[in-house]
Structure formats: C-alpha cells, structure tokens
Amino acid sequence: MHKGRLEAFSDGVIAIIITIMVLEMRVPHGAAVSDLRPLFPVFLSYVLSYLYIGIYWNNHHHMLHAAKRVTGSVLWANLHLLFWLSLMPFGTRWMGENHFAPIPTVLYGIDLLMCASAFTLLQWAIVAADGPESPLARAVGADRKGLASRLTYLVAIPVALWLPWLATCLFAFVALMWFIPDRRIERQLQTGGSSPGGAGAT
Amino acid sequence: MHKGRLEAFSDGVIAIIITIMVLEMRVPHGAAVSDLRPLFPVFLSYVLSYLYIGIYWNNHHHMLHAAKRVTGSVLWANLHLLFWLSLMPFGTRWMGENHFAPIPTVLYGIDLLMCASAFTLLQWAIVAADGPESPLARAVGADRKGLASRLTYLVAIPVALWLPWLATCLFAFVALMWFIPDRRIERQLQTGGSSPGGAGAT
Amino acid sequence: MHKGRLEAFSDGVIAIIITIMVLEMRVPHGAAVSDLRPLFPVFLSYVLSYLYIGIYWNNHHHMLHAAKRVTGSVLWANLHLLFWLSLMPFGTRWMGENHFAPIPTVLYGIDLLMCASAFTLLQWAIVAADGPESPLARAVGADRKGLASRLTYLVAIPVALWLPWLATCLFAFVALMWFIPDRRIERQLQTGGSSPGGAGAT
Amino acid sequence: MHKGRLEAFSDGVIAIIITIMVLEMRVPHGAAVSDLRPLFPVFLSYVLSYLYIGIYWNNHHHMLHAAKRVTGSVLWANLHLLFWLSLMPFGTRWMGENHFAPIPTVLYGIDLLMCASAFTLLQWAIVAADGPESPLARAVGADRKGLASRLTYLVAIPVALWLPWLATCLFAFVALMWFIPDRRIERQLQTGGSSPGGAGAT
C-alpha cells in the first residue's frame, strides 16, 4: 500500500507536468495559418519534453514495480526527482519562446542533467532499501547507457553556448536512445529501472 | 498492477485536460448579461470538446478493462493518444475565440482525426499483445463505425475551409453517433474498446 | 474495478476544480496589507465554493460507496455532474471579482441548481442500475432535504437580481445545512448519497 | 476502501498544489542569464514551499497509514487541511515576487501556522475515531516537536515585520527540523503522523 500511494502521487505530479506543458501553448490572436508559424519552435520543444517526461514516467513505472520497500530516503529521493521534472515546463517554454537561443538551451540541458542524476539517486535509494540481491540491483548492472546519457548532456551543455541546435539534437538523440530499445530490454526480463541519464540495464 | 498504473496515469491526464479546458474560459470584466455574449461560441466549443473527451475516457476505460497485457508498445501508444488529446484544449480555444473561423476549425478537425487514429493504434497494440483470440480482438470486429468516423473527419476537414459551421456539425454528429448507441453495445456484451474514429463493435 | 476507475477519475477532476479555484486568486502587485483588501470578496466567494465542492466530493464518495453497478448511464450522469461542477470556478471568480453583483450571483445560483439537479440525475441512474431494493434506493427515501435545497436555489436566483447579498446568504445556508448534520446521517447507517439539492436521507 | 479514496483525493490535491506552484514561475522575456536574476527570490520561495508541501505529503501519508477509521469529522478535517495548503502557492508567490517583504512574509507565516494547526486537528479527529489505544494515539505522544514548530511560527510572524529574512530562516529551520530526523522516527516504529507544527513523536 505504501508503494501504491507513492506511485499514485508521482503519477499525479507527472500527469500534471506533461499536460500543463502542452496546455501552456498560447492561442494566437489571428485565425490564419501564418499565425501558427511562430508557435512552431514552441511546439517542437514541447514534443521533445513530452517524449522525455513520457520516458521518465515509463522508467519510473518499471523501477517502482521492481522496488520492494519504500523508506524515508526513497520518498525524498522521489520528491527530489519530481522537483527537477517540475522545472521542465519552465525550461521548455523559455527555450521554445526564444527559438532555441543559447542560454535557455543551456538551462534546459542542466535541468535534463539534474533529472537524470535525481533518477540515479532514487535508484540508489531503492537499491539501498532492497539490498544488493534485489531484482532492481541486478537489473541496474553497469549502467553503461545511463552513463552515456549523462556524458552526452555534459558535452551538450557547453556546446549549446555556440551551437544550440546541435545541443538540441544531442538531447533528442538521448531521448531516442531510451525510447527505441525500450522493448528489447522489456523482452529480456523484468527490467529494474532505467532513465535517460539515470541508469540502464545495458 | 501494471494496468492499474497505466489507467491511473491516463485518468490523471484526461481529468486535467477536461477540467483545464473548461477552467480556461476567461471571466469577462463587466457584470452584465451582455458581457457573457462573446463567450457563447467559446462555451459551445467547450461543450463539444467536453463531450469528445468524455467519450474517449469512456472508451479508453472499456478498452483497457478488456486488455490483458500491458507491453512497452501499449504504454507508448497510450502516451501517443494522450498527446493528441492534450492538444484538444488548444484547438478548442483557437476555434472558439475565432468564432469557428475556417483555419482553426480545420486544425480542430485534424486533431480529432489524429486522436481517432491514435486510439486505433492503441487498440492494435493491445490486440497484438493479447493475441487474435482475446476478447478485445473479437469485440473490435470489422470496425465499421470507426471507419465511418474517420471518413467523416476526412470530409469535414476540407469542408471547414468554406463552410466551417457545417464541418462543426459533422464533428458534433460523430460525437452523438458514439454517445447515443453506447448503451446498446454495452448490453450486448463486455465491449472491447471503441472510440470516435477509433474502432467500434458494430 | 469498474467503480474504482470512475471514482479515481471523479476524484481527479474534483481535486483539480477545488485546487485551481483557490490557485486562481491573483497575487496583488503591492506588498502592503491594503493590497489584499480588494481580494477579500474574491476570497469569500472561494471559501463558499470550496465548501460546496467539498460537500459534493463527500456526498459523491458516499453515494458511489453504496452503488453496486456502473452502467453507461451512470458514467454519463457522472460526467454531466462533473461538467456543472467544472463551471463553478468560472462562476466563483465572476461573482467574486464583481463583488457579488446581481447578474454574476444569478449565474452562480443557476450553476448551483444545475449541479444539484445533475447529482439527483446521477442518483437516479445508480438506483435504476442497482434496483429498488438496493441500499442506495432505501437510503435516498423521500429526499426532503434535497428538495428544500433546490427550492431555496429557485427562490435565491430571482432574489439575487435585487438583493445579491441575501441570495449569497441563502447559498451559504444550504451549504451549512448539508455540512452540519452530515455526522448524524453517518451515525444512523451507511448512507447512500446526499448532496446539496441532490437527494438526502431526510 | 473509504480510506483509499480519501488518500487518492488528498494526493490529487497535494500533487496539483506542489506542481502548479513551480509551474507558475513566469518565463522571462529575454534570453540572457541576467533575465533569470529577478526570478531568484521567486525560485527560493518555491524551494521552501516545495519542501514544506513535501513534508506535509510525507506526514499525511504516514498518519493515514496508521488511521483505522474514516469518519465525517476526519473527511472535513482533511478538507480543512487541504484548504490551508492550497493557499500556500498564493503566499509563496506574493512573498517571492516582493523579495521577502514584511507583510507577505507575515502572511506566509500565518498560512504555515494554519496548516500546522489544521494538521493537528486532523490528527485529533483520527485519534477520536480510532480511540486512545490506537497506534496513532500512542505514536503522537507528547508532541514536543509539533509544539516547538508552532511556537517558532508564533515568534517568526511578528519578527517578519522588522526582519523578514530572519523569519524566513526560522521557517526554513522548522522545515529542516522535520526533514532531517524523519528517518530516525521511521526506524523506531511505524510512526503515526507528524507534521511541521502538527504533532510529532517527540
């Protein structure tokens, strides 16, 4: 039951983040196709963030499914992850409205890095609660994919200062990396938890 | 449990979409009856979208009730459906505020078509996971009603360029088609899943 | 399970309505006590609506607890109730920002009446599904309190045109009538469902 | 089941409060680092409130886990707590946008005091329903920590008129006091419920 309520609360917060983000897109005043054009980069940034939040929800779902105990550390590590996720709509809008300008793209990348690190922290908290022989501990393994994601963010953040579009492509690349082989992992066995930059089963 | 969390998350997102949509109606500055009049088309577009979101929630509820397995494809097909549903408030407002002008009505129709197609995709993903002998696979059948809905949208979208009010009537007609015979289907047996333009049991 | 998801969805919508309503209170620009003064009628209207939404959630909770079957009619009667409840924040703000002016107070009263009628409709739908011997059917009884509430609204709505503050007091009186003896009913037995203007256990 | 729906509703409301609060941070118009600077006090006040709402969710979770019966009084005491919590985003923004000016800080402190008192009321309602031999009644004990929190608020509120930053530090101190020893209590045994200013296990 403990775990059920943690999941329900996280679902609520993630559902609000993912929905509000799309709802925040301002309706243009005119009624012509050209009035939609300035919304295009905003829409693009939303699609990217929607994909990220979707991946996090998906991986959070798998990770908590594998978790056995919910301690105080797990509760707070979860709230910590939700905090950085809740800053995603802010970063998304700032980046979208400024057409992927350098500084907003840097901030977006920093938030992605914080989310990824918070996911890893949550994973550690669950592994610490469940013990090294737990299914999650074994599923996490060497976490090569998580490390690759975080390194990509660390490269993309300074790159964003000069080539923000390249940095955005790197962010999208990490998202696709997590999105595509998701099924393969699932087939292998009940994966523990893996997130963009968090920790993977590879 | 897997399925429970997918339902809970979808309920959360749909609850936010349906509520925020109505909440977004701006309060007029004056306190006279005449101050409400410009809100009338906005209100009308909300009623139509509320009906649609209600139908989707209803059908989503039935379809997932019939589903047996939740795979990675089902999770992502579900997030894909929620994405197009989450654009409904944007389309609704743009159409309402511009008093059902051509281009916003076209966009609204495109979003309805995308929602309907995403619902069908979700249905396919569940049938693929559950197998051709599953209750859902048998309930879906020839999907004549779903096909009729999508064809109506395909007709209504170009019509909206010249006669947006006729297109809106077509959208309302599809909604009523799904709303009214809902009970008949239910009496027949535990229906799988059917949506406006998705796939019906008829 | 069917019932569980209906409850979860309703909880989600009601939670959003009750929270957004309070969140919508605009932050004043100044930082002095006097800057809060114009917010006072807005705050007052929020407290009244919060009480109403709380009563509806409470009674909805009891009524669905007593319900045995969830049919298509019950699903739609529930969405219909949620629709009128979702208009409460709009009515609340319009009334509060115009300092309880006549027309906004009339509209608020009409919405209260629609909510009460929608609650009765939902009760009828559940009784029709569960049969006349169901616990809910017996608990509803003569519904004197529900009738009294609706009659009070019918009196208060025209009164609001001349004496909006008196109408507001009548609205508050109905809320208190439902709020206070709530415990007495509960002690008697598992009450079915009762709402302001919906249907009571007498 | 009764308790499950109360928890689900509270989770929904708290999830909305905690998320909207962070989402409300306005996106600056420029795209430079200096455009973020005026947001810093706003961000700081959000972090403090996020921590508080997180603590309340955490303690609410523990308290309801220990509760055995949900009476009408418990339902209303819970709605009362949610009311004061729902005013937190308003207080947070007013304080943040005015850079921790005296009057907004006083109001924030008053809301914290009301939340703490409402939590204690909810605790009393649950203890009254469950009896003096219930696990919660024993866990609450002398409630020294709760008393200390409320006294700190009572000192901090007048202090805020002259030294608002000192008052803010006192608010942060109470939050940390509840945040840090959380784990120790948990290890002891299934704690009942404890909140900042509500009631602690000592």
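Per-chain numbering from 1; labels A, B, C and D assigned in written order.
In the analysis below, contacts are C-beta pairs under 8 Å (C-beta built on N, C-alpha and C of every residue); 3 or more make two chains touch, one makes a residue touch a chain.
Since we're looking at a predicted model, the values are computed, not measured.
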| item | value |
| --- | --- |
| Rotation angle superposing chain B onto its copy chain C by C-alpha atoms, nearest 5 degrees | 90 |
| Per Cα centroids, the chain farthest from chain D | B |
| Separation of mean Cα positions, chain D and chain A [Å, integer] | 27 |
| Separation of chain A from chain C, taking each centre as the mean of its C-alpha atoms, in whole Å | 38 |
| Contacts with two or more other chains, residues of chain A listed in rising order | 8, 12, 16, 20 |
| Touching residues on chain A, where the partner in the complex is chain D | 1-2, 5, 8-9, 12-13, 16-17, 20, 24, 71-73, 75-76, 79, 82-83, 86-87, 89-90, 93-94, 97-98, 101-104, 107 |
| Residues of chain B touching chain C in the complex | 7-8, 11-12, 14-16, 18-20, 22-23, 25, 27-28, 31-33, 36, 50, 54, 57-58, 61, 65, 179, 182-183, 186 |
